[in-house]
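What follows is subunit A paired twice: with subunit B in the first complex and subunit C in the second.
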Partner chain A sequence: MTSRSTGLLYIVPAFSALALVLFSPVFYGFWFSLHRIRYGTASEFIGLGNYTQLLSDPGMAATFGRTAIHTAVSVALTVAISLAIALWVHRLPPNRGSIVQMIVIIPWITSTVVATLLFKWVFISDIGMAMSILRMFGLPDLQLLSDPNSAMGLLIAVSVWKRLGYALIILLAGLKSIPEDYEEAASLDGAGPWDIFRLIILPLLKTPLLLIVIVLTLSNINTVESPLVLTGGGPGSATRILAIDVFDRAFVNYDLGSATSLALIMFLGNVLLVLAYVRLSKWKV
Partner chain B sequence: MSKIKATGLALCAALSVTLLSPAVVMADTVRMWTFLNPAGTSPREVALAQIIKDFESANPDIDIVVEPQVWDQMTPKFLAAHGNRSAPDIIWVVTDFLGDAIQSGSLADLNELFINKWSEEKKADFKDAYWNLTSVQGKQYGLFASRNYIALMYRPDLFANAGIKPEDIKTWDDLKAVAQKLTVKDSGNKVTRYGFSAAYSEQQADPHPVIPHILASGEPLFTTEGKANFASDAGVKGMQFFTGMVKDGISPSQAATWTVDDLFEQFASDRIAMVQGSAVRVSTLQGKLGKDKVALMSWPGAVAGKPSPSVMAGWSVGIWSGSKVKASAAKFMDFMMSDPGDKIWTAVGGQIPGKKSTLKELENFISQPGNGYLAVAARGAAEAGWLTPIDFSVGGYRQALNRATQQIIVDGKDVKAALKEAEEHFNRQNGR
Partner chain C sequence: MRSTKTVNRRNLTRWNGILIGGFFTFLIILNTAPLLWGTLTSLKSEADLFRFPPTLFNFTPTMENYQRVFDSGFSYSLAISLIYSAITVVMVLLLGVPAAYAFDRFNFPGRRPLFLLVVASIPLSLGAAALLIPNYIYFLRLGLTNQYFTLPLIYTAHQLPMAIWIIKGTIEGIPRELDEAAVADGAGHFMILRMIILPLILPALGAAGVMAFVGSWNEFVASTVMVDAPELRPVQPAIYNFIGYFGREWGPLSAAAIMGVVPILIVFMLLGRLIVSGLTKGSVKG
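What follows is the complex of A and B.
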């Protein structure tokens, strides 16, 4: 037996177990989606019937569009804000830096449902703290969840607030890995702060930035807790994104056929994003 | 070798003694899915905990394990679990999915399991519209442990302060006039208390208050083929009534995204004087606010003296057809529906009694101040109750109507167009 085949033999049990746990639900889900689902069980084979029914839903294109907007804006804002905070914290004395990090990280380590409920009760509910303060100053109530645009804005705000801590930690780790000599040498050569940021820091943060973008994109596409707790997909369909659509199809309308099909389409999107990450992480600046 | 042989023999002997000994009795574990958590403190949760405790004391060989679930997802999850052969032994099924649950073959016949042992008097004591709903072709697929009468919940203290009596609300126009009177504004013309509201989020949705309007007109909510019939003249008129109250500032526009929990928070915070509310929620709210501050009345009618039909959603308890411990599950169900069980549900849990005899026996309790809602709900259920049909699935009808309301309130969509779209959405989702 060659050393190569011996090596393969060693990893077969672990790989089989991993494949069973990770991939069997996908294969089962795909098989399930090719059948008419009655009372939770697959009956007649209908090929791509569930997929065509799903894509012929007049609201589907808008749901994809809202998901793209929600994800793109949330990720862009989270990356921009976390980068700014990371650069600031990196230059703070260690004690003060730790305090800022702790404050930013708290929403990330808190359960999404709890964090969203807190956000709702404190900032949005008209019997909450923020509205009481507005009333105290004689200002009008803000009906943020009743307006389609502000409801989506709030959903994005919660997403940014919740995930900022994660992005900050990764970026701070990236910043700490950049040797101080680089900045010193650039300063001696006459480079200004903007040049140092643009030509030295940003390229060297490429890998953590890519990681953040991919992880945040996946996390925003798949998030169901925040819209469920905050808006329920409303008002109207203003905050109906893919994940909540899957949830509603499965657990509100009990349409498991189209719910499974949509979940698999989302899974495919997730796989493509991971492949993009693997590919881009090899990209040299 | 002889040492190994001796050890083997000893092990075999020990195993035989263990397996054959009558003293060793394995307890049956009965899994139950319900939205009530026996460790909770709401009246119904306390009632369930007491029933389980009493049952387990009398039956030490049976363990009841409650796995609390989110109420609006529980029945679809059960049906999916039935498909995977991993469902719980006892399940609480919501009326909207009762038809699916029965037709899927997921529920066992309770007649065979324990009801056949009941006397005819005992059966007659139970028989009502709820009993009939779960009785199909001689088989009984469930018994209602929670009868819900969804009507008009109000604050008697705020009524008294405004000099209003519940009897003043006889027609829909009366309701609007009273709601107008109960709406309070501050010096800056800002509303500090609304007269009436319901919750119109698609999540945790209660049946829409337009339904009593539609049913009072004699129009059905669904056609005989199971298609939605929301955009009838009565539906349009009813929806105009409720969204009109939002336009008039009597109901809050924020209700477009409120869940029922949000609604009751507002009600408990003195922000709303009347809400659409279910009988089963009264005791919980009374626990928070006081018995004198929460009461229930039937929906008004199109004409005075004839209340509109109210939705009687509820929870039918059944036994999973694939359960390995059907006999033990049946024993618990029988206990839960017994005379003492029904009295606990009513006196401790604040629920509408399931048996006519309980209603009679607890007459004094029901006539006590604050308990009048039980009589309102029991009378309303008997005289003006409506249960969703089980011949076809109606899952998603609450959400479809709520979505239409959101579109009217938020986007200013035409009422008829919004209801038409809701019909199409419901029919599409249900493949009709």
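What follows is the complex of A and C.
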């Protein structure tokens, strides 16, 4: 009914925006990272020099390690808790179920800067709500942000709290698509709740579960805001994860060479996750 | 079989009633306390703020914190963010609808790989921190930083892939027979988009639009890095700068934070269902 190029005309505007902001910077950035960077501009070609220098940085391995711990624990907790809540909400009458949904999504729709700031004020600050309650019971103040382990714990707590609503909504949509008679048939055959969960619900939730694992991993690896607002990477470098390390290299130390190289290494990791995402999402044209 | 289920449910209620009630309360406190406590804080004077035990409602509300934040130019940041986000929503729909239409209804060279690229860009733009540095040096080179259009352009590109995905998913559900009937009546493809497709995808446009609004209003990293002129600075970096500026003065800080979420909460109350549907459609299909 139309010539083959008409469709292309319709997508050109959208792809121009995507190419300018998302695609071309990657290629430019890679070219840039192969040069010695002086005062923010590329001078002579040094091949992978920026990368070898970066990987020989003694602090780098620890930063990767912290990122792995932060991401793995945050994702595992978010998935486990949201799955538990989802299974519970799924059994509630629709009205109450959607109230829970709406409440849990509030931290997610709040910007990370504001959410982290308010979380810090209410649950951590020495004159905030939580510490005041502790003090009313005569308990000593907790200096949670000055201890390396509890600082990381809090960073993880903020991450889980912030992203729980997202995971819950995706899992609920997945649960809704499981026909009810599956469960009924299974319980007729004498399956207990644990068997029903393990043998019926879990396999049928595989796709949404994997999708949220990927999306949560991506967003945890890339989060700059919550460490920036909550801990600033400290105490010492206890919560210095990759995203904030890249951010600091570029905009605090003005070392664009190493920042770009590290960002592209992160980007490579992102691409692997994205490929998994693309495989899972049932896209077709 | 119905009866087994009811019995199960009744047992469940009896055994776990208190537990579930407690958990419900815990969830509510955990998720709403920061906003509520932050609102109370923003209305307290310095003296009330440091009172121990802290007062819940027994204090004279004051607007002085809001006054101080406004005196530091915050109303300007709010206005800028509103403009940026509105432009982003319009641009996302303007670019997204034709693209989604083309991907669903036309056959053209490179359709599959290009759509694959769109799908891949959904999670990619979620994790924008890694992309940000290359994006920054690229825009710096092209002289695109610090312009009035810089942030709307970036937000648009970040929100567009998900919008195309959501809208295309809805167009798929519109029977092609409708198009064909219109063609028989002499309609061109643009007329089909305008007269047939567009009226049927309004809920999807709503979902995509709300997601784009929330996403661009809340964006922080690009907003901080890509512009430094104060007159171009949107609300999230403005709030972040207040952290350095007000230090531990939680009164004005929470006033700024609260004003930074109010527009989102308004959108949420009016269009909360669209957010949920946008999230669902945007992530898993089918």
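Heads up, the rule we're going with is that the second predicted complex is superposed on the first by the 255 of 285 C-alpha atoms of A that agree within 3 Å, B and C clash if a C-alpha of one lies under 4 Å from a C-alpha of the other, contacts with A are read in each partner's own complex, and residues count from 1 in each chain.
The rule is simple: contacts are C-beta pairs under 8 Å (C-beta built on N, C-alpha and C of every residue); 3 or more make two chains touch, one makes a residue touch a chain.
Computed from a prediction, not measured in an experiment: that's the story for all the values here.
Undergrad: Which chain makes contact with more of the residues of subunit A, subunit B or else subunit C?
TA: C
Undergrad: Under the stated touch criterion, which partner chain does A:Gln143 make contact with: subunit B (first), subunit C (second), both, or neither?
TA: first
Undergrad: Is A:Leu256 in contact with subunit B, with subunit C, with both, or with neither (first, second, both, neither)?
TA: Both partners.
Undergrad: Under the stated touch criterion, which partner chain does A:Val224 make contact with: subunit B (first), subunit C (second), both, or neither?
TA: In the superposition, A:Val224 touches subunit C alone.
Undergrad: Between subunit B (first) and subunit C (second), which does A:Thr52 come into contact with in this model arrangement: first, second, both, or neither?
TA: In the superposition, A:Thr52 contacts neither subunit B nor subunit C.
Undergrad: A:Ile127 in the overlay: touching subunit B, subunit C, both, or neither? Say first, second, both or neither.
TA: both
Undergrad: Scan A:Leu18 for contacts with subunit B and subunit C and give back first, second, both or neither.
TA: Only subunit C; A:Leu18 stays clear of subunit B.
Undergrad: Based on the superposed arrangement, let me know which partner A:Ile105 touches: subunit B (first), subunit C (second), both, or neither?
TA: Second partner only, subunit C.
Undergrad: With both complexes overlaid on chain A, does A:Gly40 touch subunit B (first), subunit C (second), both or neither?
TA: In the superposition, A:Gly40 contacts both subunit B and subunit C.
Undergrad: Of the residues on subunit A, which ones does subunit B touch that subunit C also touches?
TA: The answer is residues 40, 125, 127, 135, 228, 250-251, 256 of subunit A.
Undergrad: Would you pull the subunit B residues touching subunit A in the complex into a rising list?
TA: Checking each residue of subunit B against subunit A gives 72-73, 76-77, 79-84, 97, 100, 103-106, 188, 190, 201-203, 252-254, 256-257, 259, 262, 265-266, 269, 271, 393, 395-396, 399, 403, 406-407, 409-411, 428-430.
Undergrad: Can you list the residues on subunit A that touch subunit C in the complex?
TA: Subunit A residues touching subunit C: 1-2, 4-11, 13-15, 17-18, 20-26, 28-30, 32, 40, 85, 88, 91, 100-107, 109-115, 117-119, 121-123, 125, 127-129, 132, 135-136, 161, 165-166, 169-170, 173-174, 177, 184, 187-188, 207-208, 211-212, 214-215, 218-219, 221-225, 228-229, 243, 246-247, 250-251, 256, 259-260, 263-264, 266-267, 269-271, 273-275, 277-278, 281-283, 285.
Undergrad: In the complex formed with subunit A, which residues of subunit C make contact?
TA: The contact residues of subunit C facing subunit A are 1, 4-5, 8-9, 12, 20, 23-24, 27-28, 30-35, 37-38, 41, 49-50, 52-54, 91, 94-96, 98-99, 101-112, 114-141, 153-154, 156-158, 160-161, 164, 183, 189, 214, 217-221, 225, 236, 239-240, 243, 250, 253-254, 257, 260-261, 264, 268, 272, 275-276, 279-280, 283-286.
Undergrad: What part of subunit A is in contact with subunit B in the complex they form?
TA: Those residues of subunit A that touch subunit B are 38-41, 57, 125-127, 135, 138, 140-141, 143, 145-148, 151, 228, 231-238, 248-256.
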